[in-house]
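To start, the structure itself, in structure tokens.
A, B, C and D label the chains in the order they appear, each numbered from 1.
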Amino acid sequence: VAQKKTKLDPLRASAQEEVVTEYTSSLPFDKELYFWDILGSIAHVDSLKGAKVLSAAEHAKIRKGLAAVLDNLNKGKVELRPELEDIHMNVEALLGDMIGPLAGKLHTGRSRNDQITLDLKLYSRERILETMEELSELQEVLLSIAKKNLKTVMPGMTHFLPAQPVTLAHHTMAHWFKLHRDFDRLSCCYDRMNCCPLGAGAIAGNTYDIDRFATAEALGFKGPTSNSMDSVSDRDYAAETMFCLAMIQVHLSSMAEEIALWNNPQFGYIKLSPTLTTSSSMMPQKRNPDVAELARAKVGRVVGDMLSMIVVMKGLPLAYNRDLQEDKEPVFDAFDSVVDSLWAIRSLLCCADFDVKRMRAACSAGNIIATDLADYLVKKGMPFRKAYLTVKDMVNCSIDEGEPLEEWELSCFKEFSGLFGKDVLDYVKPESAVERRKIHGGTSSSSEKASIAIAEKYVERQLKVMESIEEDVEGTITRLLGAKAGSRPQ
Amino acid sequence: VAQKKTKLDPLRASAQEEVVTEYTSSLPFDKELYFWDILGSIAHVDSLKGAKVLSAAEHAKIRKGLAAVLDNLNKGKVELRPELEDIHMNVEALLGDMIGPLAGKLHTGRSRNDQITLDLKLYSRERILETMEELSELQEVLLSIAKKNLKTVMPGMTHFLPAQPVTLAHHTMAHWFKLHRDFDRLSCCYDRMNCCPLGAGAIAGNTYDIDRFATAEALGFKGPTSNSMDSVSDRDYAAETMFCLAMIQVHLSSMAEEIALWNNPQFGYIKLSPTLTTSSSMMPQKRNPDVAELARAKVGRVVGDMLSMIVVMKGLPLAYNRDLQEDKEPVFDAFDSVVDSLWAIRSLLCCADFDVKRMRAACSAGNIIATDLADYLVKKGMPFRKAYLTVKDMVNCSIDEGEPLEEWELSCFKEFSGLFGKDVLDYVKPESAVERRKIHGGTSSSSEKASIAIAEKYVERQLKVMESIEEDVEGTITRLLGAKAGSRPQ
Amino acid sequence: VAQKKTKLDPLRASAQEEVVTEYTSSLPFDKELYFWDILGSIAHVDSLKGAKVLSAAEHAKIRKGLAAVLDNLNKGKVELRPELEDIHMNVEALLGDMIGPLAGKLHTGRSRNDQITLDLKLYSRERILETMEELSELQEVLLSIAKKNLKTVMPGMTHFLPAQPVTLAHHTMAHWFKLHRDFDRLSCCYDRMNCCPLGAGAIAGNTYDIDRFATAEALGFKGPTSNSMDSVSDRDYAAETMFCLAMIQVHLSSMAEEIALWNNPQFGYIKLSPTLTTSSSMMPQKRNPDVAELARAKVGRVVGDMLSMIVVMKGLPLAYNRDLQEDKEPVFDAFDSVVDSLWAIRSLLCCADFDVKRMRAACSAGNIIATDLADYLVKKGMPFRKAYLTVKDMVNCSIDEGEPLEEWELSCFKEFSGLFGKDVLDYVKPESAVERRKIHGGTSSSSEKASIAIAEKYVERQLKVMESIEEDVEGTITRLLGAKAGSRPQ
Amino acid sequence: VAQKKTKLDPLRASAQEEVVTEYTSSLPFDKELYFWDILGSIAHVDSLKGAKVLSAAEHAKIRKGLAAVLDNLNKGKVELRPELEDIHMNVEALLGDMIGPLAGKLHTGRSRNDQITLDLKLYSRERILETMEELSELQEVLLSIAKKNLKTVMPGMTHFLPAQPVTLAHHTMAHWFKLHRDFDRLSCCYDRMNCCPLGAGAIAGNTYDIDRFATAEALGFKGPTSNSMDSVSDRDYAAETMFCLAMIQVHLSSMAEEIALWNNPQFGYIKLSPTLTTSSSMMPQKRNPDVAELARAKVGRVVGDMLSMIVVMKGLPLAYNRDLQEDKEPVFDAFDSVVDSLWAIRSLLCCADFDVKRMRAACSAGNIIATDLADYLVKKGMPFRKAYLTVKDMVNCSIDEGEPLEEWELSCFKEFSGLFGKDVLDYVKPESAVERRKIHGGTSSSSEKASIAIAEKYVERQLKVMESIEEDVEGTITRLLGAKAGSRPQ
């Protein structure tokens, strides 16, 4: 393709047309929206009938035509025309092929400015639902790992160093709660965006007696937007959706980093399914955690997507500017990336084996019981700062002698403080350490069960949110297309 | 300062200490948090008393000491010590100066890991409230402009071109609704963050019998967090807060762009208060809209702040990593920038005069009535596409003749279509055009009044949200410090 | 597509394979690289022959096979297989179809880790050249406008306000020099990247006696890279290329903003070619500058592309990680966006008419001569600050009276200062104002001619840079494929 | 501070002044520039004398005054006045205090628009030099580690997994070459920015007979800029500088990640100096690598700084807009962050001990010799793909038996292929593996020495670049201030 454009003479009209066609056409990407575009049109013709702009006969004819166009597109029976700059013009042209000049009435009281933001909202609603469903599936896997590992001890790390013993359940649930915030954030975003811009026209509304509340209801929105200029210029929802998606990907990147780390033989906490790793073209001994690496990397692309939208919005005067056409590709890409990453990380975790022996051994090696020993001394009456220094000496001695604290005899303990009693020998086991943290949100199995119970209540709420969104999304299809089956693109 | 560091020999211990002190110390910025840090400590000692870790006498002594430290800091009577790396160590040291070694007990069952995220949450809560209040003030100014200008016509622009007539009220309310979404977004963010991390310790909770629900209540949170590892690693709230702030700044940048544009003599729609503009050091004729320009530019800094947080979070394994120390400066900067920008734009708009004559004249010049003429013909029975082409011809004729459509005589109209009647002469006035858009969210004064009524309902809700947050914030102070007066930094 | 993935059971091997295939495959985008991938392979087999790894007969057979595979791909005679994860495996498989098991020897002493970064460098080199060519074409248009408008006065703006008179030539050349820096920046980036990674293997080099200097020369590089671990982990060049592209797009966004502004009837400085604007589907009077709006917006996408790469690179340990696969799509997208935008803005400007009368009139209206009047007084002996205040009074008077300074009579001037002489009447014309700035880089026609002469020297240098890069790029093709014609993808 | 601003009534002039003062003042940060601002002024008065705008006596008086102002500021004898909005106005006011109304002549033929970009360039030049010096120091440490460890084998990792043996020298030099590119990039950026904007005035140049070439030379620039409108609107250099700094920080983040990883006891490759780690307030056993963690995190802030500048520049029309005032803080912050991080990582590495035994042991455990075994078989005549599969079987057997390949007896090898001879027993040692890679850029000690020789040539070139920049920077000071000593701020 290289060098071609420099050869074009911009003074020739054909070259100019090529510029406009190639540079401004949105068809290559907005064709993704055809399903929702047509549903929006069906709702619009219903409104036009309500407003007496279309007679019953006209209405029936256009509606039937739109259904046929949708069916043809679903089945790949018709082709979109690149020379028509966007999906809206294509659908209208296809309708014209079907029902003749009456098709022209479809666009009455509407502009591409309100139409495109409607389409993107309808699309986003469905994909938010899909994201929520994928997120919930991953949460379920995490919950299931947690339930099986309430007593599996492992080193909890701070500063990339073994710090205190935790359980695999506790570690896993930490990620669960992050994902729950992600769900919640997406749910708020959905609520905020779910109002209908149709009727805003190009900028100022329209002059027809259209009942925007009825249109909004038909399309599963909680109501119409309240200002036409805001309606056509608003892309807050796109930026916010991508922010929500970016946060999910950030959380996945943490899980992915841990998977890659734990997969390293120096850690060896996890064994990934061979089918889910890839081989090296050169090194026969390797099974690479590519899935995790890519999930970590894709933060870049989702954050890039979000940033691109915000940069587009910066400093734009009201109302619609063509700049806003740059909204769709990042949104599509961010949804694809995050949904796929959720699916990929879920698959990895679902099929992984955890090497609980290596986790247990790492606890012992790291002297991660030191904080507990300090607490032990504090409870026997020593001030915290003094206890801290005493244990520090013990840790140094343990390192010098190569003998983990966990394996010391009582006499050794007593050399450092007379406050140590026989109970210290059990006290220094990671198993007893995690059980001692009975505080809410702590590592004990009872605390964990309480946290899991909270999580399960959240699951119920999440289910209700998804049911309600599904009602908006699927209800729209049922209301406007009648039967659901066969009407959806696959 | 240049070149100094290259001269330091890293093999000398003193140089090493300098590295650590200068590079890792957070005191230069986290000192901002001293007020909330001490309040968190007071809540913590109350909990320690409840858990029988502190006797009543110890508790009273520490509490009194903390109050005295706070008072000294408020009054600037004591100095922070740069060699102590953060605000937490400084407060503990000041407490030690006051009450001796007992101060060491303050840190029992707590880590700087849960302490710092508590501090940042407490700080953010107060500043979210401040932002909401500033946002509401700006909304009030916009609402007041709208109410006064329900019939002030002006060109509504799309693609930077006059498109259709709107009213100044309608234009202003478009911004109002954007800011309302910003308020709502910030409110959701607040709800999501408002749970208490204290008790999470360094990573695993603590072994004391602390009632985290009571602590959370004392500090005005809706409850404690549910997982200690999540608690110390979570900075979602910081990223989300900055995203919310970035969206506000994006909306301000649009207003700012318009102000700068309207201030240009070619538009001349607005006259800014001389006191709010700046002069040129070289060009005597100018009054520059610097305030607007800076508000537009500051999108960069707030977006940069948000991105810096997300980049920090990418790929971090659980749980606390020192990377997270990079959370505070961007949060502080983003709040400062947005609050100041809200205040600055509010001041500009509040003191501006709108030149309604120039707005009206611009309507006439731009033939922005063209869409309406097409609608006119459609309503008389012409298909939309044909009407569109007819009006296009009329517009071209108007340009050739230099006669705005608004000023044509009936006979001229009739030359283009017999469907034109006498009513067209009124029809082409922008005033009648805006009134025709009686649709919900449209430009007519009745639609606008309906939108304003909706906005006023939202105002009531916003007030309730702010009252509730104020109760969390101020209630915390009252509960922990008793009397409010005099305890706050100024 | 929605909801599908949640239905897959990750415990089934087929679903796992689907994850890996869909999530990790790079074929959907790296197929773009097939031409350069095959050229890299040809250079590699030449090296293998040189190192006696391949016999002359084996070498000839593989080379012929690779040429045939290339030809087939160019002509669309063969299909790529999605189940093979990337372009490298596909080419090897196609070669295997052609020449049997000998194809397996192609990969000796090479890894996909060095192969992919080679491909991306070869691709980037060609597209940097293309970008430079497009950039130069736009510069040529700017230069041509400048040469025709050395005396066309217009208001120079600061703070979005008319400040001082400049010429259209001067304004245009300001953009020219920005683009020249862009060219220069890209040229430095090219030089830095143009070293050959082939031979770095997976991470550690290889054990064959390959002459990497010869390979590098064959591929048009200035030499081989010097460290194998750096070679496979380096994506600096991708980030830097995208930064260079982002700066170009930023500069285009400024031009685009001005075009949109000048296209507004309030300014009316420019008339765009109708073929290069788009119509409104609703508003018959409008010709929208969509091309300019999109060029302004695309800063978002190019900056997003660059950011995504940097985020990917953050915190990655050596050496190759699969994260780096996320390098290609943003690079492709950034090149596409910038090349197309250069072409689009060039077309717009090339076909635009400038309304020099409106520019001249705007000078008069804006009192932009005020600075000159102050200078006038300074030259007659008044201190600058006093002159400044005197002229400020004159400007206020001019506004009150509605009489531009340019049209004042001498007596009016004298009312403000006795220093004014008859020469002031000419002095206040914008034409004489621009001519007075004879300083290097100033607005006078002589200064402009000097600047244009500098620009033309830079053009010569740019040409030499492009010739040299073309030699690298085309020379590689000639050396490795013999005849150039027909071997390139179209 | 909270809630204050909402209480201000913007209709009162005092409140308006407060808005402008607080919101638009740049003094809080541009005071950093006072030294270079005054030097720029001295060069300017020299030019004014040359252009006969100032008499010799006036010139002498202003010059002496400026020197005194500088001295006073250096010594902290005078205070800047917050009510004067920027450093330029402050310096002029201080000069006025010193020499009376003549001070007003300083600003003749100059604007703050050309002055501020001059200041920022002068400042950036010096800090680029400082960054280069720090970078070179870190490179020196890396080179010294490399020279001592030409034969220290360690696992080279790909995909976070041990892949092939490399040497510590090779690993270290990989980072060296990345930093060299950073140096080179910064050097190109310096060259591009090093032209003098003074004389561009507010937008259009000035009317005095100033020799801009002489001014440029006095200030150590390679020449004056060629277009006044470009000069005052150009902030490319700020964005590019920050991009260069961001890439350095990205490279530091990789080193930091590895340090944190190697510091983990599971790896244990590195022992950090205790003085350079920090302790846990709760966990006595820990020495945290905070310095590394912060260096990793600071990518966020430097990238955020760069992006903020690009966002500011997007869509700005020519020429100067106040938006550009947002340039300074990110530039200052990015320099501070990167210089400090270079210093911190250098200190860490300089004082670290490498545990070469653990590195060696990790080689053995990881079967990282597998690729070599495949090569062995290929060299004995087996096709690569078959050799690959054979070795894969051997690796699986090794894992099953728990016997590293390195420790197998010959008979075991022969079970898998008759091609294995006695030489394989040495062949499987990592030491022989690294030595086999004699290819340019490979791991053998001879290859490494060749790479180090290249690096040392680059060091010489870097030194020359730094000398040349130092000449620009220090030469400017000498030329304008005479004696260097005592004139610099400390």
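A few notes on this one:
Here, a residue touches a chain if its C-beta (ideal position, glycine included) is under 8 Å from a C-beta of that chain, and two chains touch if they have at least 3 such contacts.
As the structure is a prediction and not an experimental result, all values here were calculated from the model.
Comparing chain pairs C-D and A-C, the larger number of C-beta contacts belongs to C-D.
The interface of B-C is repeated, with over half of its contact pairs matching by residue number, by A-D among A-D, A-B or B-D. Centroids built from CA atoms put chain C at 32 Å from chain A.
Between the Cα centres of chain C and chain D there is a gap of 24 Å.
Of all residues in chain C, those that touch two or more other chains are 107, 157-160, 163-164, 202, 261, 280, 282-283, 288, 290, 293, 296, 299-300, 303, 307, 310-311, 314-315, 321-322, 371.
Taken together, the chain D residues at the contact with chain A in this complex read 157-164, 260-261, 263-267, 280, 282-286, 288-290, 293, 307, 311, 314-315, 362, 365-368, 370-371, 373-374, 388-389, 391-392, 394-395. Of all the residues in chain B, the ones that touch chain A in their complex are 101, 104-105, 107-108, 113, 156-160, 163-166, 170-171, 173-178, 181, 184-185, 188, 192, 199-210, 212-213, 224-234, 236, 239-240, 243, 246-247, 250, 253-254, 256-258, 261, 296, 299-300, 303, 307, 310-311, 313-322, 371-372, 375, 378-379, 383-386, 433-434, 436-443, 447, 451, 454-455. Within the complex, the chain C residues that touch chain A are 1-3, 5-6, 8, 10-11, 13, 15-17, 19-20, 22-24, 85, 88-89, 107, 110-112, 126-127, 129-130, 133-134, 137, 201-202, 273, 275-278, 280-283, 288, 290-291, 293-294, 296-301, 303-312, 321-326, 329-330, 339-341, 343-344, 346-347, 350-351, 489-490.
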